[in-house]
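Encoded as structure tokens, the structure appears first; notes follow it.
Think of it as A, B, C and D in the order they're written, each chain with its own count starting at 1.
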Amino acid sequence: MNLHETLSEIAADMAARTDRGQPADYIPELAAVNPAQFGISICLADGTQLSAGDSATPFSIQSVSKVFALAIALGRLGDQLWTRVRREPSGLAFNSILQLESEGGIPRNPFVNAGAIVTTDAALGQRPPKEYLAELLTFLRTAAADEDIHIDRAVARSETETGHRNFALAHFLKAHGNLTNPPDHVLGAYFHQCAVTMSVNQLARAGRFLAGLQHLIAPERARRINALMLTCGHYDGSGEFAFRVGLPGKSGVGGGILAIAPGRASIAVWSPGLNPQGNSQLGTEALEMLARRTGWSVFG
Amino acid sequence: MNLHETLSEIAADMAARTDRGQPADYIPELAAVNPAQFGISICLADGTQLSAGDSATPFSIQSVSKVFALAIALGRLGDQLWTRVRREPSGLAFNSILQLESEGGIPRNPFVNAGAIVTTDAALGQRPPKEYLAELLTFLRTAAADEDIHIDRAVARSETETGHRNFALAHFLKAHGNLTNPPDHVLGAYFHQCAVTMSVNQLARAGRFLAGLQHLIAPERARRINALMLTCGHYDGSGEFAFRVGLPGKSGVGGGILAIAPGRASIAVWSPGLNPQGNSQLGTEALEMLARRTGWSVFG
Amino acid sequence: MNLHETLSEIAADMAARTDRGQPADYIPELAAVNPAQFGISICLADGTQLSAGDSATPFSIQSVSKVFALAIALGRLGDQLWTRVRREPSGLAFNSILQLESEGGIPRNPFVNAGAIVTTDAALGQRPPKEYLAELLTFLRTAAADEDIHIDRAVARSETETGHRNFALAHFLKAHGNLTNPPDHVLGAYFHQCAVTMSVNQLARAGRFLAGLQHLIAPERARRINALMLTCGHYDGSGEFAFRVGLPGKSGVGGGILAIAPGRASIAVWSPGLNPQGNSQLGTEALEMLARRTGWSVFG
Amino acid sequence: MNLHETLSEIAADMAARTDRGQPADYIPELAAVNPAQFGISICLADGTQLSAGDSATPFSIQSVSKVFALAIALGRLGDQLWTRVRREPSGLAFNSILQLESEGGIPRNPFVNAGAIVTTDAALGQRPPKEYLAELLTFLRTAAADEDIHIDRAVARSETETGHRNFALAHFLKAHGNLTNPPDHVLGAYFHQCAVTMSVNQLARAGRFLAGLQHLIAPERARRINALMLTCGHYDGSGEFAFRVGLPGKSGVGGGILAIAPGRASIAVWSPGLNPQGNSQLGTEALEMLARRTGWSVFG
């Protein structure tokens, strides 16, 4: 198999699709994105990077940022984080508040919104949000080996204005004593973290440490983040993604997905249209094709 | 690393444990099992098999049987099965009836009890239960290359007498039109399927087809069963198992666990004491030790 | 106000309605009932009885029977019954199994199906079902002062064949130790109890003891049954019924409703078409008109 | 029966109780209240008022205020309010967020916290909170014929600081488009409304319009508020209260309960200790004794 050709074929196939899903429209910045875009990029163990499609176009990484926030929070708190958030699939939508009520304010995992808010609170510590965001950008720029990674403040502002459900989650966590900072404070950091803008070229490089191709955190920790991505990275579509793609992955509502083939590759795809579970429709299909052709599934 | 030594050390370590969990006690046959037992066996890609501890002692495989029933059901129905059962972690206990009500009688996955009952109904088809059970035994004996695999009828009878919750699930499925056979009929087959008795020596061999070490079903299908085992194989402890062990696995209330290292090994462990999620306590810990020492985690 | 005229007007108004709801169709016997029927009957404190419409036509009382089963169960067990079933509105549909799971097999109240099955089990005691059913008929015939009240065995048989959801509830209760008899046994009694056939003339008379117009049980007990009818008698439509009608009432899927104006009247209405909550549509509207004109609401 | 003597006996009985429940302690102002207090007052149809115990001591009416807010909201919006809040018992705790998620942001009734927040938002309209609170005080002073009714601003401030769960509910309602005002705005009004301070003497008089002893709102509307109080006034203890007391009632976490005997009496009781459902323990018992002795139960 010629991987370069495979990527070209996948990009061509995706360009021809008419059923591309629906881009997120809850804030103007996401609704305005041209849905006819698709990009893919792969970093390999030998240090090479292959890309196809709109691979240099920046997009809002949104929930993909939760992976990096988790790495930072674990760096600060270590396993203590797991007293505040669990490691189980929720079986529910990303923004559900149900389990939080019946399970005493301890979110199921760090990738559902409630768990990500707790994770950001932990990563934040007692610092001003600005300092945490600076650390996050430094982490991303180092991982991607690219200084040109920024936060889109218009996106963050729009999220702040419309994110009532996230405010509900944060206040609920606070009511259960599972936030150390004031809700507004944590959400300020959280919305800015989600508003990071990257291209698939940058994102694939930034994910290399999870594939074991770059040393930024302990291998044991990377392994465990991969496990969480596989069981929880696509919310109530995680089982389906594991079944079809067979790789740890984390999606964002901006249409990006970071997928990891441990020891082999870090893969980023992007296409703005979402499937009913809120994950990139073409991104998922492209990864399914890629996994089938490469045999990179972790399941054999 | 010397794998043989590793197994001996694990078996010795487990023999010394005092906190062994609690064996299942809802039927006399399971309650009567001596909790001070532990066995482990591994089949490798080179065809060798290594074992330690009580590796030849037969035990009730219980829910581990769901993996084999799924292989048979997929063989008969193919992807049509997925119209009757989904592929998502449930986030709930193995015998929960909650989601079944809110999700119209379609179980979350083939490993929660409701999904396994649907799977057995599909594997059963229009045949008498006896024929299905004969096929199951043939499948297991072929896979394990051992004719000495049987059904413990006393166990099946005890389950029939006390399995009110499974009767509730089956009637609920019937009420939603998701059983083709009468509930009593399906449960007869299901209770006998769960009452299969095997040793870890036999079980490790029987799992080789999932690790790609033996050809019994299409590789694509084995891969997908592994994905389901990883996301759903330990019920509401699946995320934790993936986080700690990093291998697809399926546990049974008799204390057995079948774990798969794709392309490398089929592993069976057994110890009767269960942790609070209902999975073998020492079995889980032994697998965690093994995965750490071998580096077999699928996550890097 | 001339009550006789009021009844005539209500009957005429109901006869003219075109939107009559949908009769239950899950068993052939109920599906075959002519939906264009309506009957109403009222027993007053002075001993008189007024009727209009199809007041002598027998219909399947179904869940209205739960009120009489409760009276018999309380007569046998007294307040001990309340250790097995609570007295709170469920907030859920009549046949929901959700709360039963999260609340340890103790149904919310005696009128949701699960609670009614427990109540029948209690009323049954260690007797053969036949004896309980004989007592129930004697109770109804005495209360109604009419020997011509019977059980429709074809209806009971159809319920037995299609009542998978009730079987699920009964097995679930058994799994939680909240049935003393075998599930099939209790359901046999339950389905026959629900298959009692009465006319509104008979049903209005049979309800007099709840209105305090006939002494069959302690007044304190009648008062409490009325309280349960008001808060729980119409399942997840109970609040709405209290809001609109303002009288304790118990509905059945056969289209009958028994309503009580304490100290004043026992009222029975019947019309086979059901509203979305499963309560008689015209029956509810007729009771709302009657309550408005008579000022019989218990709420002032 | 001599009602005056009955009240004295009830007050004496309550004074002797040692098991008085636990006062609310989530804000310092409520935790500081002496639990050894009890007061009762009754306004009768003939215009007389009887009181016993600590009947002139002001206490925080808390959720009892929801009844008056509902009367004001209905006065402004009429039946349009019912498009935003339902009229069914929730079957859940007063501050649960569960149903709100599964039922699209429409609260079950105006007395659970979520429904009360919607009701206050409706009562508020486009006015500054100050104007709404002025109207509320005017309503209460007119109803009680007493100018000496005030808002305890320290209580309101404490609620604002600790009311994270109410903030969560409000943001959740906003996310579903069921608040016209900003969450902070509505909660400002809501916390001040709950911080009204009254004695049972004042509260009993203020409730006369619901008993039909004073004309402030249409009788039909008072009747319906009574129905809601009976089915939903004590949250997940409403069925129990109806069963034991048999009167429409609304409790508050400050230990007050307003109960209505339609056409006969408006009754206020107060004792700070709460039962496990969060309703005044001695208040409930006093009302049960009163209802038994007077025969005022609406159920016969």
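Here, a contact is a pair of C-beta atoms (placed from the backbone, for glycine too) under 8 Å apart; a residue touches a chain by one contact, two chains touch by 3 or more.
Everything quoted here is computed from the prediction, not taken from an experiment.
Enquirer: Keeping to the contact definition above, tell me which chains border both chain A and chain B.
Expert: Intersection of chain A and chain B contact lists gives nothing.
Enquirer: Please report the minimal path length, in steps, between chain A and chain D on the chain touch graph.
Expert: The distance in steps between these two chains is 1.
Enquirer: Compute the distance, rounded to whole Å, between the mean C-alpha positions of chain B and chain C.
Expert: That pair's centroid distance is 46 Å.
Enquirer: How many angstrom lie between the centres of chain C and chain D, each centre taken as the mean Cα position?
Expert: Once rounded, the distance between the two centres reads 32 Å.
Enquirer: Nearest whole angstrom, what separates the Cα centre of chain B from the Cα centre of chain D?
Expert: Computed from C-alpha means, the inter-chain centre distance equals 54 Å.
Enquirer: What positions in chain A touch 2 or more of the other chains?
Expert: none
Enquirer: So, with touch as defined above, which chain pairs make the list?
Expert: A-B, A-D, B-C, C-D
Enquirer: Show me the residue ranges of chain B that touch chain C in the complex, using the header's touch definition.
Expert: 96-98, 101-102, 164-165, 167-172, 174-175, 183
Enquirer: Touching residues of chain A toward chain B in the complex: what are they?
Expert: These residues of chain A touch chain B: 86-92, 99, 108-109, 210-212, 219, 222-224, 226-228, 230-232, 236-240, 242-243, 246, 248, 260, 262-263, 297-300.
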